[in-house]
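Letters A, B, C and D mark the chains in the order given here, with residues in each chain numbered from 1 onward.
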Amino acid sequence: MELYLYIALFAPLVGSLYSSLFARSPKSQQVGIIASGLLFTSFVSSTILLTYVMGGHTVHTEMMTWIATGDLYIPFGFVVDQVSVVMMMVVTIVSTVVHVYSIGYMDHDKGFNRFFAWLSAFVFSMMVLVMSDNFAGLFIGWEGVGLCSWGLIGFWYHKESATWAANEAFIMNRIADLGMLIGIFLVYWNVGSLQYDVVFSEIGNLQPVIITWIGIFLFIGAMGKSAQFPLHTWLADAMEGPTPVSALIHAATMVTAGVYLVVRANPIYDLIPNVGIFIASLGAFVALFAASMALVNRDMKRIIAYSTLSQLGYMFVAAGLGAYWVALFHLMAHAFFKALLFLGAGNVMHAMHDELDPFKMGGLRKVMKGTFVMMTLASVALAGIYPFAGFFSKDLILEVGFVEHHYVIYTVLLLTAGLTAFYSFRLVALIFHGEERYKLFGIHPHEAYKFMLVAMSPLLVLAIIAGSFKMTYFQLVMNLLPATQYHVHDHTTFWIMTIGTQLFVIAAILFAYKKYSNWSSVPDGSSAMEKSFFYKLLWNQYYIPKMYEEIFAKPYAELSRIAWKQIDLKIVDATVDAIANGIYKTGENTRDIQNGNLSTMLRWMVVGLVVLSILAVAFTVGYNVVGA
Amino acid sequence: MLEPIHVALGSLNIATLAPMLIAVVGALSILIIDLAKGGLHKSLYVMIALLFLLLDLGALVDFGGLFLKNGTILGFFDVMLMDGIAIMSQIIIVAGSMLFIPLALTSKRFHEYDYPEYFALFLFMIAGFQFMVATDNLIMIFIGLETASLALYTLIALHNRSKSFEAAVKYFTMGALAAGFYAFGSMILYAISGSVEMNQIATILAEDHYSNIGYVLLSMAFMIAAFGFKLSMVPFHTWTPDVYEGSSAALAGYMSIVPKIAAFVVAMRLFEFLVHSGVAWLQVILYIGVVVTMTASNIWALVQSDVKRMLAYSSISHAGFVMAAVLIGTTQSNTGLFLYWALFSFTNLGAFTMIWVNRQKNLLPGQSSDHPYEKFSGMVKTMPMGAVMMGLFMLSLAGIPPFGLFWGKMYMIGSAVTSGYTVLALIMALNSAIAGYYYLKLIVFMFMKEPMVGYNQFYFMNASLSLKTIIGIAAVGTIFAVFAVNPLLKVITLFVYNSGY
Amino acid sequence: MAITLTHYLVLASVLFVIGLIGVMRRKNLLMLFFATEILLNATNIAFAAISHYIGDLSGQMFAFFIIAIAASEVAIGLGLLIVWYKRTGKIDLDQMNSMRG
Amino acid sequence: MIDHILTLLIFFPALAAMLGFVVTKDSIRAYGIAVAGIEFLLSLWLWYAYDPMVSGMQFMEAAPLIPAFGINYLLGVDGISLFIIILSTFFTLIGIASLTEKRRIKDLIITLLFLEMTMVGVFAALDAIVFYVFWEFSLVPMLYIIGAWGGPLRIYASVKFFLYTFTGSLVMLVGMLFMAYFYYQATGQWSFAILEWYRLILPENFQLWLFVAFFLGFAIKVPMFPFHTWLPYAHGQAPTIGSVILAAILLKMGTYAFVRFSLPLFPDASVFFMIPIAVIAIIMIIYTAMVAYAQEDIKQVVAYSSISHMGVIILGTFALNVEGVSGSVFLMLAHGVVSGALFLLVGVIYDRRHTKLMSEFGGLASVMPRYATIFGIMMMASVGLPLTINFVGEFLSLLGFYKQSHMLTLTAGTAIIVGAIYMLSAYKKAFFGNVTNEENKKLKDINKTELVGLIPLTIVAIWLGVYPKPILEPINNSVESVIQLMHDKAQSAEAKVRIPDLSGKNGTNTMQEAY
């Protein structure tokens, strides 16, 4: 089985290296095909591993030593267990699809080969992240996906906004990574190892305070990667990257790494329920917060990005409340339909020549039937309509909240579910229904390549049926995660809740349709709604990016400038120079002591003698006084 | 009435006079040769002088052996005192002179070397210095000092430039004043102790428990002034830069080495018994003197625009540095003094020879002095070897290891550290850093600037084979000093220790 | 009033100070040499007197040597002075400052 | 020959440099490459012959120099110095091989070979004075390189560099003499042998003073805040080769000296000054990173980033445990490789455009893609991405110091944030965006000569990031014995606690065995 492990892990790396060989050459179709093929290999291996793991085994292997000094021993160790295999499946499925899809999507891009190098490298990093058997290895993957995310967001590096967003994402993530790093340090100095098995078996022996700190710092790391408030702003800006990137990295995989971390570290978080509640509360807040911003946004990809953010909030609610398996389940389901949604959006973008404003589209269902169907179904899944995947995973989280008696969280999540349905279908309605507003801009949309649609179809299937794996999945992961079942035991309550939620969601969908499916004009900011305070607040993302700009970015730049121009040059360096110049000036000013005049010279000698004599006398007087 | 004096010839131990007499005889023979047949080439006189100096050196080495066997040798009414430091300093004096005298063999003709008297005076001067160090009699010191000084004034003036006359007059006048100080200081010592021999004075004062401390200190004030002049300690230093600038580079280099070691020896003899008997005043004064001399001259050296003048200030600074040894007054520090001076003489020999080699007859328009920094500009491009050599000497003077002076500096600072003069050690170290600047300045000019039109023709104008040889010797001595330090240390320590210092 | 050693020494000191003042004040090179002679002769008086009063010959020896050296000094000094005068036509100290700094 | 390999390593380049005066101008480069290549192979041989399991000094050589004053020619390497020596020879080779300088190349190569001698000498010396000799002498070739081949302010920069470091090291010299004097008092013999000094247990107040004296010399060399201002000038004016050697090797002398002298000689003082020094290190990390962010000249960005990284090294050194010190030693190597490569990279663009201002560039990624790629890799290494060489060092240094102080490490950890900020923004300014400057449109991508230097560095930067073991293991062994020595020598209760006791651990040599 180790062979399959290594194949699953390294096939993407091989693909990446192979593609990078051609990074500077003109576009070559085979690069995309080979990279996709290698990813498919990885997927197949993962599947084999899945069946193996389902048989009740796990694979744990140590490739080689990485860092060993003092008491610290970090190997390149990999583990395929019930949790990581789920993640591997998600990653390999989505990334295979995205790879194939990208062959078509990046068809006309100069950086075609480079794109595959980055994309495969990302998959490799992600695999390292999920398969590592220790925190340091996790951190490798953690940073690796950050790097690839940077490279892919800034893929179109000539675009100022893209490179800016790439740097923002990287730096924001770094802030969180520091927390993660500190968490790792804490683990090491208190446990003496970074191996999961050692850490999790000994974590209980530590003082609660330390466990709490470990939990907090690790979660800070997770917050960055999963773009939780207040480190969320990068995710929306990350939409500058090519759309397949958004689908793979910023919807399905990388952003869920934070959730994965919390799930993986469940033995730690189990011991600190208070932190768990904080995580859950934050998750609920982010769910609502992000959904509210999605309500008014006019950028197709950003809307989906906010929706991702919102769903990540859901996952954290589940994880925070101890329902790790539920979080992981929603992670998986969400990966499928969200990736699908993004890829569909990619098709739309292609058709619309990279136009992102849904108000400038409309009526696209006529020319893009396949995409229309897929996106609608994905949105349905996202909204959580029975029997789509979202229903099983998302409603389960609502139930968790309810069962655990966190009614506030429950209410928030319920509300968010409604909002989710609303903005999803606002988007669908604006893009695919109503008048063909794009004609005003002289665009001639066309459907994407067939094979792209075909490539997307597995996701579509999974988005529809993923819910039915629930029990199989539960059987699988309960070996590793707390196997709590979350059922509302009172049947009446259960049915009221389920049906109520469904009705609420459907109502939201209908409302969205009613409001937007016949939209005819492009808003120009003159309507009353657009002038209202709340609209502006949401439109400006609660002014948070602006605030960051004003509070952090600008002062930092200004401080840096001061540090250089005022402190470094004018104080530190000037002091050094002043000492040197002072010495030199002293020389200049006193050199006239030697004025070349013999009389002066003689006088100096006499003065010297007189001074010495006076000192001699003074000393003698003093000596005699003291002596007497 | 005074008793008639009976003297047994054997007890005179005339042999103690031999080294000085060799020099005197050498001088006289040069004069006689000139009388017999005039117009001989200078190289003859150089060689004669060298021969006699070699004999002199041989005699000294012989005394060295004797000293190690039998201890201090007294002679000539106990006026002559051949102890370890006397022998050592004489060896440095004679050896240093031997290194400098061939500098007369330049390729250009220089007025002074056409006079055989120049070489005679040179030998007389050496004899004077030898007398000065080989006695503890104040009269003898005075005679030696003045013999040497008067000869030196003349030698400077023989350079026959208007500046050299000015220099000679300045030096002479101030020297006369210093002689007055010395005489008056000796008089006070004589008045309170009734003796003119230092060891007796020391004994008498100690027996007396320094009851006349005021007069002792007063006399010391005069003595410090007198020797401060010779050692060019601030504020008695003012002659130094002018005299260095005025005299030929060869002689300036010589003055930076030989007269000073003689003065150091006397200062050691004169001041150390007081330092050791715990006269705090002297310690304080010397401390201040050392620090001020080192620092002030360093600071003035920074602002010089003429290399020779810079070297003049730098040698003041080096003298101040070494004067610390007298202040510290331990065997280690005195050993350090001689070690330092031996190494210093090699490096300074090289540096001044390089300056000498650069001598030009007439100043260029706009040139204010003989050796402005600009003259060395871009030397590495036109005269790479010369520039490397000069750079080497500058680095050594700055105390960059592994070159010669570093070891001296290290040992001196080490002796300060060992004796608890920590602050002094730090000041010495920091002064070396300041000094680094002006030595570096020359290196900067030589290695980092473009050659200046007009100056570059002078680089090796004055060079002859013998001068190049001397530069080579100086360079070898500077580079491989590290291997010489251990034997030097051993010998010097032996001599110094056995002399009771 | 008997003349004691102290009188001689005071005389010597006064002469010395006169010499010093002369050295400091005189601008004429020749006068400067005179001043230095006064300095040395002041010392001579003291040496001779001390030697007499404590009955030791070395003081007188010192004095003799000082006289001899003073004479040589004058010889050299005058020689330099003459050359200098020949070159510049002046013996004023203030003219003598081609080197400075 | 293997018995005298260190002597050979030190003096072979110097001898070759002397002979180099005879070689003609057009073949001097080949000569230089050959000499540096042989030297590099010799150093590899040293590595090959080195026994990684022995933690003490190996290939020791001894010869009397000034025995009367306790100065002897003592050489030896342990895991701490071995790799810095190899790094020195490696960089000299790379530097000469990828030299693009045209002016007076003969002088330059001869100077470089002399510089190589001093670098190897510093790291191989086991006698304080011999160490000092090489330490000081290394200033001279560097002075010449900056001063003769540098930019418009080269003289100011070189003199500043020289005098500043010279001043610091003179104070250090006083400290060394003191140390020898204490040894003399304790044993009646003069000695400057470092290993002999190790045996000395000094009273705490003496330790403090001596620590300060040594610190000044080292801190200026490193350079630590606030003694760092010579570095930007030196880097700003130095030619590429000068910056490369300066950043890669010369700065390491300071941090190496901390490990070699300050820690084992003054364990109590090290503990006493640990927090203040950590604060300085943190100032270095954050403050210089901010200054780097404000720079307009890309070379200055790299220069200030060096200071910032040196802060992490210092922090690791004063973690006073095996993890931290090993990490800092490793980071010395890592930073050498990465900053050396970055300076080489800056040199590439400077050669083409004769400017280093970022505003002059922009969009280079499309004109010079290969260049942008290598730069990107090195930048990411500099930022400390895992699986690059820097990460291992930075991780271990911070990890080590975390044991000593949580809050300070948390603050210092911002290194990974601020480092990313200035590096990424610099990269963005120079490489991303559209090509706006007409002159940049015709730029040629990186050529073979330049690749000769950069490819090996890139390989090393990744290889050692993925598999640091061959280097980390010997370092670890030697560091363990240093730490154990410190623990054994420590007197104050705090120091005993702060410095871990490894004697219980298997395979750790005790002080006597190691030295």
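The definition used in the following text is that contacts are C-beta pairs under 8 Å (C-beta built on N, C-alpha and C of every residue); 3 or more make two chains touch, one makes a residue touch a chain.
No experiment lies behind these values; they were computed from the predicted model shown.
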item: Chain closest to the middle, measuring from C-alpha centroids that were averaged per chain; value: D
item: Pair joined by more contacting C-beta pairs (A-D or A-B); value: A-D
item: Intercentroid distance (Cα basis), subunit D paired with subunit A, Å; value: 36
item: Computed distance of Cα centres, subunit B from subunit A, in Å; value: 77
item: Centroid spacing, where centroids are CA-atom means, of subunit B and subunit C in whole angstrom; value: 26
item: Chain centre separation (subunit A, subunit C; CA means) in Å; value: 95
item: Subunit A, residues touching no fewer than two other chains; value: 580, 591, 594, 596, 598, 602, 606, 609
item: Of all residues in subunit C, the ones touching two or more other chains; value: 23, 32, 96, 98-101
item: Subunit B: positions in contact with at least two other chains; value: 169-170, 173, 177, 241-242, 303, 437
item: Set of all touching chain pairs, with the criterion as stated earlier; value: A-B, A-C, A-D, B-C, B-D
item: Of subunit A, residues touching subunit C in the complex; value: 591-592, 594-599, 602-603, 606, 609
item: Partner subunit A, residues of subunit C touching it in the complex; value: 20, 23-24, 26-27, 32, 93-94, 96-101
item: Contact footprint of subunit D on subunit A as seen in their complex; value: 23-24, 64-72, 136, 139-140, 143-144, 147, 150, 154, 157-158, 160, 163-164, 166-167, 170-171, 174-175, 177-178, 181-182, 184-186, 188-189, 556-557, 559-561, 563-565, 567-568, 572-573, 575-576, 580
item: Residue numbers on subunit B that touch subunit C, as the complex places them; value: 2, 138-139, 142-143, 146, 150, 153-154, 157, 162-163, 165-170, 172-173, 176-177, 179-180, 183-184, 186-187, 190-191, 194-196, 241-242, 245-246, 303-305, 309
item: Subunit B contact footprint on subunit A (complex, rising order); value: 580, 583-584, 586-588, 590-591, 593-594, 596, 598, 600-602, 604-609, 612-613, 615-617, 619-620, 623-624
